[in-house]
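The following pair of complexes shares a single chain, chain A, combined with chain B in the former and chain C in the latter.
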Partner chain A sequence: MDLEILNSAVRISTPLVFAAMGGLLTYQAGMLNIALDGFMIVAAFTAVATAYFTGSLELALLAAILASMLLAALMAMFNIKFRAHIFIAGTAVTFLAYGLTALLLKGVLGQDGVFTSDRIPTFPVIHLPGIENIPVIGEIFSGHTILVYVAYIFVPIVAWTLYQTKWGLQLRVVGEAPEAAAAAGINVDWVKFQAMLLSGLFCGFAGAYLSLAYVSLFANKMTNERGLIALAAIFFARGNPYLTALVAILFGTATALSVRLPQVTGLAPQLLQLIPYVVTVLALVLVGWRTTRARSRHSAWRFDIG
Partner chain B sequence: MSSETTSSGPGMAVLNFCRPALQPIVAVLIATIVGGLLVLALGENPIEVYWLLISGSVIGVPNLLVTLQMMTPLIFTGLAVAISFRAGLWNIGAEGQMLVGALFAGVVGYAFPMPWFLHLPLAILAGFVGGGLWSAIPALLRVYLGVNELVVCLMLNPIALLLTGFFATHVFKAPGPTNKLPDIAPSAALHTFSVYSQVNAGIFIALACCIIFAIINVRTVRGFEWKIMGLSPRFAYYGGINVPRRAIWVMILSGGVAGLAGAEQVLGQYGAFYDNFSPGYGFDGIAVAMLANFNPIGVIVAAFLFGALNGGSGVLQMMTGLSKYLVQVLQFITVLVLAAQFSWDWLILRLFPEPPPKSPTPDAVEPVNATPTEA
Partner chain C sequence: MPDASVPVVSMRNIVKRFGNFTAIHSASMDIRRGEIHALVGENGAGKSTLMNILYGLLPRTDGDIELRGEAIRFANPKEAIALGIGMVHQHFKLAPSFTVAENIILGSEPLKSFGRLDRIRAERETKAISERFGLNLDPRAIIATLPVGLRQRVEILKALYREAEILILDEPTAVLTPQETRELFATMRSLADSGHSIIFITHKLREVLAVSDRISVMRQGRIVSTIDNKNVTAQEIASLMVGRSVLLRVAKNEAKPTGELLLDVKGLTALGERGETAVDNLSLSVSAGEIVGLAGVQGNGQDELVECIAGLRRPVSGQVQICGTPLRPNPRGNRDAGLAYIPADRGDLGLSLESSIWENMTVGHLGKFKTGPFFAATRAKQRAAELIARFDVRGATPDKAAGSLSGGNQQKVQIARELTRDARLIIAEQPSQGVDIGAIEAIHRTLVEMRDAGRAVFVVSADLDEVLSISDRVLVIYRGRIVANLKAADTDAEEVGRYMGGLDEEPASADTLPKETLDVV
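This part shows the complex of A and B:
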């Protein structure tokens, strides 16, 4: 029973980890990308539609990633080239994506609200040869789809890229001091554009995972604010990749518990679902309180808040 | 802001007069064209579809009444967002503030029976207070702890949804299968006019709010101070405006107006607080405010447009193979285009060739003349 919860926590956390890695890159590049949900829903829809028409998982995954990156490019174009406020652009792109997928669901697949079919293939479950037989660990970590493992492998890759490569350094400089980056000869807009595209890439994985591996259907607004939870994890961890992934897993576990625990304790599921958001607000309050105390008492109003 | 000081001539005067309307019209046109192409790709005739949208929303009294019903919450949320955006505060938490306001109004509406002339105002006030309290959280955190109000608003939206859901399912739940509060007492109900739609007296409150804020914005020192804050908080601060204090009150007022949207929904449209009743009016409010360019009177026009689209979308869904979400697509393409800082001057010059004005930054110059005397 307990192990089953942990096993499902690994699965539930997977899209959160994907989305968090995507949001992390933009966060480090100084952009707060709140359109993660929008990227994911478009990817989820494209994945289901492609899988339905072609029957190929590889094509579906590829199409999902491309669609998500296309939307990311649109967002980047409006934010970076046309200087739209990132939150307004993000909100618009998210709701545009919700509306567009719902519209196409009806227009292309002929369904209202939910679409599922026997013709949609799903990702096969992988049993890890050595690990499967270890008592506790095997039950938690074995028997997932390939995308689950891909998600967790991405975490060290992202961390390595950010802190060990030249590109990662450029990205972080662009995020922390864009003027300095420009002075050092970095093409700030181009780096930001790349970060946003990669954000789309990761959300493409997340969306495809949601609609083809986690479940095998598409439903309107099926991302269920997972992008927001991922964003909460990033904020809580202040952009550290490993910590972000860990927090995303904890938030995922809380979600897993919110499905199971009410049956046991009679606790309202809403109260457990609140955890990621409340914890994030509290973390922001704590950080704000610390920096305010460290600051001079006279600067009553900070004008530029990142 | 206009660059009237830099260029002269009768043509330019006309242009400056039309200018506030030009930007929204171009944005709506672009959205219409993109949406039309989308409709074409889905195998329907765009002209037919747009005609259905228009005829289904404004032609005939029943359709018009539905449009008025749809536009009422949009006026409130649009105005709420417009108030805060104009003052440079990014309140994107109108959805949560509306839900909390609705819960407050719903509780007062059913739990404290009293004569109607006390009950109705109190229930409406409760909605305002609920929304205001909810928006006070990001406002206070922003001012005293320097926490980004956008992120807090963003997180408070799902918190409000889950908390009100918790109250509707576990604390005040009405007997029966639906997750809702008990029905409000008749003494707290907003009067409904017609059997065709749920349009109610709330629309007059909404219009009144718009007019009040239009007057505040144009005629009072506060309204002027909010505008300066929005243009440049640093300038406003050195100009002697108590920016933190104003910021808190702008946010609370903005949240309160969003809470009124919830009160209208509960007291007028549904007659009780239902869990998860909002289809996203708080976010649509962002679209309304952007289209109105944060002008309270413009909010009425923008809310009418989007209310009509929402009203017509029901007809669209019945008559064609398209989904009503076409309207959402149109709405947020408009927002995206409006959010872009296109060179609108360039556009104007392309449309009406004139000698180019040679002012680099008209925005920064304009407010300087007026400040010291008023603050």
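This part shows the complex of A and C:
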């Protein structure tokens, strides 16, 4: 196996890890956030537009995060304040994001479908001193942009926050037993709102990475349902941060394979591009099988479909 | 030491309206330091509403509350907790996958730097407080693995951890075994002796007499009387609750079981939600022309047993026969075999609360209204109107939503639908739960009529008085087994209560039943 694939797996997994961490916080707070793609696409567009006009990567990243969090606030308002079903709110926000970015692409940047330019700065590649020279490890882990490292550092931070801090405990109780949290004097809605905003923050990173580091362009719907794949990883790992990241990397590796294999095997690329989706579906089938088995075939009929 | 006669809490002329509906008219109540004060009343009398106002869960429309002489108006429970009021709800508010210590400290967590949880201190403090009040608990135990009695301790400790001096217990004994109830009463007494005031909401009169110092009776949103627990009888309190003298026993003739087994359960074993053995090689039968009551503390396998009979749960082994037909786990097949099922869970399993009353009454009778591929809605509505009159469903018209009715009248809708089916076996689960005493009498009368018409009636109830008053034969379930089979006329609450607590655990199968019990088959 050539190390090139593993190196690109690390890169390809990065936005999945970001999105998965964002989705994880809302999952733990008891919300199925299906608007991760919406948050990311808005961030990706804002990043490209800001970078194009200002030439500053820092500003672009900041603007991407703000835009994504703004959309998250809107989502939280629909779901938490106006009590819209999270699925409806999520679908609405995602469609809004797709539509808005396509419109602004035409209106602000004057392009249809795709925008790219020499004036867009991209995140530089970092060569890790020391590690760079270690065989294998260096080839896989060195030579990525700063955002790649940020993504992976977020994983232990999220885990620590969830399991070692007061905020994390309250967030998890809000997710599992909102009535217990409310009875203990916790402001359930506020905690959920915070979780949704942080979900926006992580998706801001993911979007900026997609359009300014992974590639250097903006295209309509360029997130390619990465948000949904991230959700699949969260479900598979039952909300455990490390396992979630690991599954996200597995999905990323599957994508890396689907890019590389056509060159190696000569099989139709269209067919091989199915790999990451097939892996995701298989993982979800496994989750379903596992929960059904855990519920045991002796347990009661379930009438609810929600 | 404050004067004991000065109230800690004083509620004056509390009024609570929900829109046009007045839940509490003008309730006044004093709580003294160190007393156990029982608050009794029928379902819907306003007990919980009044306490939720005191606890800050509901705003009051009018009236004054004084706490230690100072006027208060809580916007939320947090403010009530801060001033030393704690409430243990009937449905526990605990996070099941978290530890005892985590649940207890939630909301007032001990911290290290950077907002980090101090787990060691949390566990130490949990241990200390549980020992101080004699409520032993392992701080690291996961809530989901604890029996109900211990979960209740966690709830009480949660309040004590926040230094509650006034403790509101909402129907605390509903889920406890007699043994656990005795322990709870001992705890309540020792808390009262150490200066805590306890408000004990209940409708079990025997318990009121056993543990309380004073008793306040609520009826239709008013505190009708507050009396010292001296020389009062259950009958007197019941009359105060209802406003007229109550028939606590159902008037009925001797049962004439025909011996034709309409329900026959043999060697049934079934697992509960967590994979535990909930029903353990259980056998029972109900014959045409008799009412059999199943008594037991909640959570001893009643739910799983009924689900197996209704075809809602797949048994591990054993056989269920309804009217002689052996069954597979399939709700429709069981109903076709002759089952009428009145579930305890009215709002979910029994009725669609958002649908109209006529729709709810028509489900299960659809065949009667078929005209070719079409459905005769007008005729179905007519029939619903007839049923509403026949079963005396108050405040109902066919087009109203089922959810707009009171609990008792929702129950009548279920009963009307189920009993008009051509089914010879009737299973009624908690038939009088959340139903006022007037409606209970009507429901019981209907069940007796069904028995006299040659149907078999199987009543599952956590309310021992109900089981004893309506049944001809009483079965007691304990840990998934039938531990007693008694003739209702020859037994009493004392004896059945003993079996419910599992004190006479030996008899497990028909051939080892004690001598005072009847033969099962």
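The definition used in the following text is that the second predicted complex is superposed on the first by the 264 of 306 C-alpha atoms of A that agree within 3 Å, B and C clash if a C-alpha of one lies under 4 Å from a C-alpha of the other, contacts with A are read in each partner's own complex, and residues count from 1 in each chain.
Note that a contact is a pair of C-beta atoms (placed from the backbone, for glycine too) under 8 Å apart; a residue touches a chain by one contact, two chains touch by 3 or more.
Nothing here was measured: the structure is a model prediction, and the numbers come from that model.
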Practice prompt. Tell me which partner A:Thr165 touches in the superposition: chain B (first), chain C (second), both or neither.
Written response: second
Practice prompt. Would you check which partner chain A:Ala177 touches, where first means chain B only, second means chain C only, and both and neither mean what they say?
Written response: second
Response to the item:
Per residue count on chain A, the busier partner among chain B and chain C is B
Discussion item. By the touch definition at the top of the document, which applies to A:Ile186: first (chain B), second (chain C), both, or neither?
Written reply: second
Discussion item. Contact-wise, after the overlay, does A:Tyr242 reach chain B, chain C, both or neither (first, second, both, neither)?
Written reply: neither
Item to complete: Answer with first, second, both or neither: which of chain B and chain C does A:Gly107 touch in the superposed model?
Response: first
Worksheet item: Which positions of chain A sit in both the chain B and the chain C interface?
Response: 300-301, 303
Worksheet item: Where on chain A does chain C make contact in their complex?
Response: 164-170, 172-173, 176-177, 179-186, 295-301, 303
Response to the item:
In the complex, chain C touches chain A at residues 76-78, 81, 87, 89, 93-98, 102-103, 106-109, 111, 114-117, 158, 270-273, 275, 307, 312-316, 331, 348-349
Worksheet, complete the sentence: Note: in the complex, chain B contacts chain A through residues 38, 42-43, 90, 92, 141-148, 150-152, 154-156, 158-159, 162-163, 165-166, 169-170, 233-234, 237, 243-244, 280, 283, 286-287, 290, 321-323, 325-329, 331-333, 335-336, 339-342
Worksheet item: In the complex formed with chain B, which residues of chain A make contact?
Response: 32, 34, 78, 82-85, 87-89, 91-93, 95-96, 98-100, 102-108, 110, 112, 225, 228, 231-232, 235, 268, 270-271, 273-274, 277-278, 280-281, 284-285, 287-289, 291-292, 300-303, 305-306
